[in-house]
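Below: one structure, written as structure tokens.
So that you can tell them apart, the chains are marked A, B, C and D in the order they are listed, and the count of residues begins at 1 in each.
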Amino acid sequence: MRRIAVLTSGGDAPGMNAAIRAVVRKAIFHGCEVFGVRRGFAGLIEGDGELFTLGSVADIIQTGGTILLTARSEEFLSPEGRAEAFASVRRAGIEGLVVIGGDGSFKGALTFHAETGVPVVCIPATIDNDIPGTDYAIGFDTAVNNVVDAVNKIRDTATSHERTFVVEVMGRHSGFIALYAGLAGGAESILIPEAPFDIEAVCRKLLRGVRRGKLHSIIVVAEGAGSAAEVAREVKARTGFDTKLTILGHIQRGGTPTAFDRLLASVMGARAVELLLAGERCVAVGVSGGQLRHYNLAEVLAERKEIDRELYQLAEILAI
Amino acid sequence: MRRIAVLTSGGDAPGMNAAIRAVVRKAIFHGCEVFGVRRGFAGLIEGDGELFTLGSVADIIQTGGTILLTARSEEFLSPEGRAEAFASVRRAGIEGLVVIGGDGSFKGALTFHAETGVPVVCIPATIDNDIPGTDYAIGFDTAVNNVVDAVNKIRDTATSHERTFVVEVMGRHSGFIALYAGLAGGAESILIPEAPFDIEAVCRKLLRGVRRGKLHSIIVVAEGAGSAAEVAREVKARTGFDTKLTILGHIQRGGTPTAFDRLLASVMGARAVELLLAGERCVAVGVSGGQLRHYNLAEVLAERKEIDRELYQLAEILAI
Amino acid sequence: MRRIAVLTSGGDAPGMNAAIRAVVRKAIFHGCEVFGVRRGFAGLIEGDGELFTLGSVADIIQTGGTILLTARSEEFLSPEGRAEAFASVRRAGIEGLVVIGGDGSFKGALTFHAETGVPVVCIPATIDNDIPGTDYAIGFDTAVNNVVDAVNKIRDTATSHERTFVVEVMGRHSGFIALYAGLAGGAESILIPEAPFDIEAVCRKLLRGVRRGKLHSIIVVAEGAGSAAEVAREVKARTGFDTKLTILGHIQRGGTPTAFDRLLASVMGARAVELLLAGERCVAVGVSGGQLRHYNLAEVLAERKEIDRELYQLAEILAI
Amino acid sequence: MRRIAVLTSGGDAPGMNAAIRAVVRKAIFHGCEVFGVRRGFAGLIEGDGELFTLGSVADIIQTGGTILLTARSEEFLSPEGRAEAFASVRRAGIEGLVVIGGDGSFKGALTFHAETGVPVVCIPATIDNDIPGTDYAIGFDTAVNNVVDAVNKIRDTATSHERTFVVEVMGRHSGFIALYAGLAGGAESILIPEAPFDIEAVCRKLLRGVRRGKLHSIIVVAEGAGSAAEVAREVKARTGFDTKLTILGHIQRGGTPTAFDRLLASVMGARAVELLLAGERCVAVGVSGGQLRHYNLAEVLAERKEIDRELYQLAEILAI
């Protein structure tokens, strides 16, 4: 394989740049050229991008976002769009493709491979951490730390005013951010899409805490668990507590990546190149059982990633 | 003066604890006792609090919020409430009062002094920085840095997706946070209550930036300048840009105070004690002209604090 | 088991408080009392400590250091000292012991159990991450992020002055911090005790980078790899580059723990209690293969933890 | 004036990039061209640099260091060197010069102007804050916050081990960083070059604190106040306390600038351009009395900046 391409697709995640850097440097180390594609699959269709050098990825390991830019491409969803992308790939002499993104990007890569035979290796990168086949996706650790940092700030003001705060975090289909950040942030309650909750039980727990002398309470709610605004209203109505709502929004997504995400991105990026060079044709990289592994892309996408129930129960116990 | 009291009132601000520490230690240094009142004027009415020692304020200079807690007191707004507070103050042998808070707290202190003759010294602490008589209130610098940090994070994702972000920050009546954080964060536009804005001009500027190659734009909107959601909708409608809204909310208020706020709080807290000991009866501490000063409380409250127009124009020029 | 004790021993590590919190709350949840021992084994001898309540560990999950304090105890190294500790343990009605610390603490716990039969469960907590039986010790992730943050700061000044920086990090016997932080920080070279290095090769790499246009270089050196000062002198002598030395020291050890360390500490603390209640008598908790496990304490201590060679080689490749 | 040049010189300081950005954008706003000189006066001699556009300074307001690079130039110290620089300046059509740096850079600019008549405006930027004519130099606020952050980290480990820490900070001739960061960090003692200290008194204070129940002590020492290592040895010898030394080094200098430094740099950079355009020929910008001002360069350099004695005494009182 003499020339590969790399692109980032879907929502950006901190650590994508560290992954790009690893792909570029590892490939060049093995004598392979790397074409950096701009704006994801849209750029693949248009042939938008350039050949990267070792220096193209200097001083980016510490930066959030993605230097390759990212976009959602309507066109790539159609067979015609993908055919154009294939034509563009052939013109550019690209023999393999590294796709860094979430599960929508994985699906695009799978279809593209199935239709064109272009070898693809996918790297999981999404703050939601909802991709099967890997315990951790790039960006998740940073997002969790961003949320924990915000919860720390909110706790100061919550304590001073003896208030209850309802904090909405990202996670439309999964409660990973809510669970990890809620546990690490010492939240009194954590509401996630994977577990139905009883607002009455949530309130009982708050009342018990206050009786024990707690000066504040924090309830972390994943987007997909229900309306955080509704939770705040209900808590206020049932407990009478001064209850405030905060929606963390896009600050969760940004910032310099943590060491964990930089390392994960570095090893995954390097492994993706090795897999392409070793002749793999349609796989995803992942971490499971503490090991870097790879999986058949179609099989991975057929699974659904489950949240750790024991961790959820532990959060309940520790927030007594 | 053998015993003074200190309380925090209104919204909490990072650095309040550093001010409390300074009041307590400086007073004890001069042989004076300090009664720490809990929950602001409400606690003053109830006599809720305790005598503080040097150790009571150990290891709090770095913490956000206020160890004295804060609350709004309906009761203190009535003459009967204030009479109760006075009775409570006399019972506790308190001969002077340090009030740390915003302009609502200043007004309460002024009325209390006028009715009871109890000497009061006020220390400005509010992230909004809208108190006349001082260039800087305690908490403002930390809040601005919190917003700048959030803008940095949002910029990563804004660039990656080539998006426009509308960021709503605190400031119902004044644009200090928006102006300072917008300028320091390199925002493309800053909308504040003190200056009417023309959404068409805002959009023209965005379009000009994009023509020049800008990959993202950030518009910082103070709460009081108008609806940030409306701004986002209008920008999207008029420019066609992918535009997102983020409301920073309570994370602006919290966190460990900056060095600037800790120092400001320390010198203001110490000065407040000196003023009480020197026989001042109704003043506020402030920084102006680079100097620590004090003002007649009634006179300060009659003024209105203006934003720096030159700084606002500079922000426009630098964000070209 | 109706009453257990918990102590922290050896060097402090961020996340120890989160582990203490988990031990206390999980034990109380199961109807068990927890005696918090102050100053490690020294406090065990003296019976120094107190019974903890749910509230004793409120608001500590986010704090660095250890509320139980830590110390090295000469006395506990002798059979007489341990006999005294045993007497003290019996007096206090303690039926099981959770020891949070590094491998010195593990050895102490093992000997104590062997001589007295008191059930012990050890939790690995050391920023050096050099304890066998676990992939990650509590505190390591925070320390690595602290170092990466420092490297980011140093990079700014290194670039501006086109300098080479030699950064000494902790790790007398192992290069975990150096390797992880060096890789995540994008260091040009990483020198660790586990791999002999050739200063000439290090210099050649620096010269190659500069020829390619690099404006700065950073060399991360673990304490145990040799003298960082000597490395700085040699680099300067052989390359002629303006070379500076920075010894990071104790800032590596402190600070609020990362989300990762808080979670690790929480699950390990909870598991330690479960193991004691389940009748385990002499084990250590660990994470390996992505799973929380436990090991016979004697067997764990007989092993030596190896660094990941592939990761080391990858760092070389990515820093081309 | 149709073309001006801007350079950074001496040690780098966070916020230099924000100043460069302000100079470039403000000048272009007024229809003036800006030549960005690389590597300070050395680059001026060689004509090393390029014409900057609005886009040249995009996304740098948040970065530490200086994109213009900085260096010390032996050559510029000689009349021949300066004559060469003048020839180069004329060739490039440069009609005015903005110099961003510390007092060594100011002296170079003064001599250059005296010999050649080229108008110069200096902007104070040095973390040491030892430039007369301004209360604050660019970079100082960031450096103080960096030190305060390090002290916070050290405090965690100091408390856990009940240790005394001696922390050496920058400041060969002045104690600004030590005083501000020591006060804001709650240090027990602060040793600065401007005030002789009595090690016996320092130790007495430590002993008093421990008797009162303090679990740790932190002594901040400015480089110029004497050997921090010697202080640590003496404290250990006289008190018997477990005493550790930490030298913060270059981490003080780096990192993303605070909001304060970005604002200061922005207003100073803009004002420098205004002054050149208004016909000023040899001045420095400064902040004093809370106002942005400018001073005759020769007069400023004749003064010596004094530390605030009252602040120093306050630090003593608050650290009781």
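Couple of notes before you dig in:
Following the convention adopted for this analysis, a residue touches a chain if its C-beta (ideal position, glycine included) is under 8 Å from a C-beta of that chain, and two chains touch if they have at least 3 such contacts.
The chain list, named the UniProt way, goes like this: A, B, C, D = ATP-dependent 6-phosphofructokinase.
Note that this is a predicted model, so its numbers are computed, not measured.
If you take chain A and chain C together, no chain is in touch with both.
Using the mean of the Cα atoms as each chain's centre, the chain most removed from chain A is D. In summary, the interface at A-C recurs among the listed pairs A-B, B-D or C-D; the equivalent pair, sharing over half of its contacts by residue number, is B-D.
The distance from the centre of chain B to the centre of chain D, each centre being the mean of the chain's C-alpha atoms, comes to 28 Å.
In this assembly, the C-alpha centroid of chain C lies 36 Å from the C-alpha centroid of chain D. Chain A and chain D have centres, each the mean of its CA atoms, that are 40 Å apart.
In chain C, the residues that touch at least two other chains are 152, 155, 159. Taken as a contact graph, with one node per protein chain and an edge wherever two chains touch, the assembly forms a single closed ring in which every chain touches exactly two others.
Touching pairs of chains, sorted by label, consist of A-B, A-C, B-D, C-D. The residues of chain C lying in touch with chain A in their complex are 21-22, 25-26, 28-29, 54-55, 58-59, 61-62, 135, 141, 144-145, 148, 152, 155, 159, 180-181, 183-186, 212-214, 256, 258-260, 262-263, 266-267, 270, 287-291, 311, 314, 317-318, 320. Within the complex formed with chain B, the residues of chain A that make contact are 8, 12, 14, 16, 63-66, 69-71, 146, 150, 152-157, 159-162, 165, 215, 244, 246-251, 253-255.
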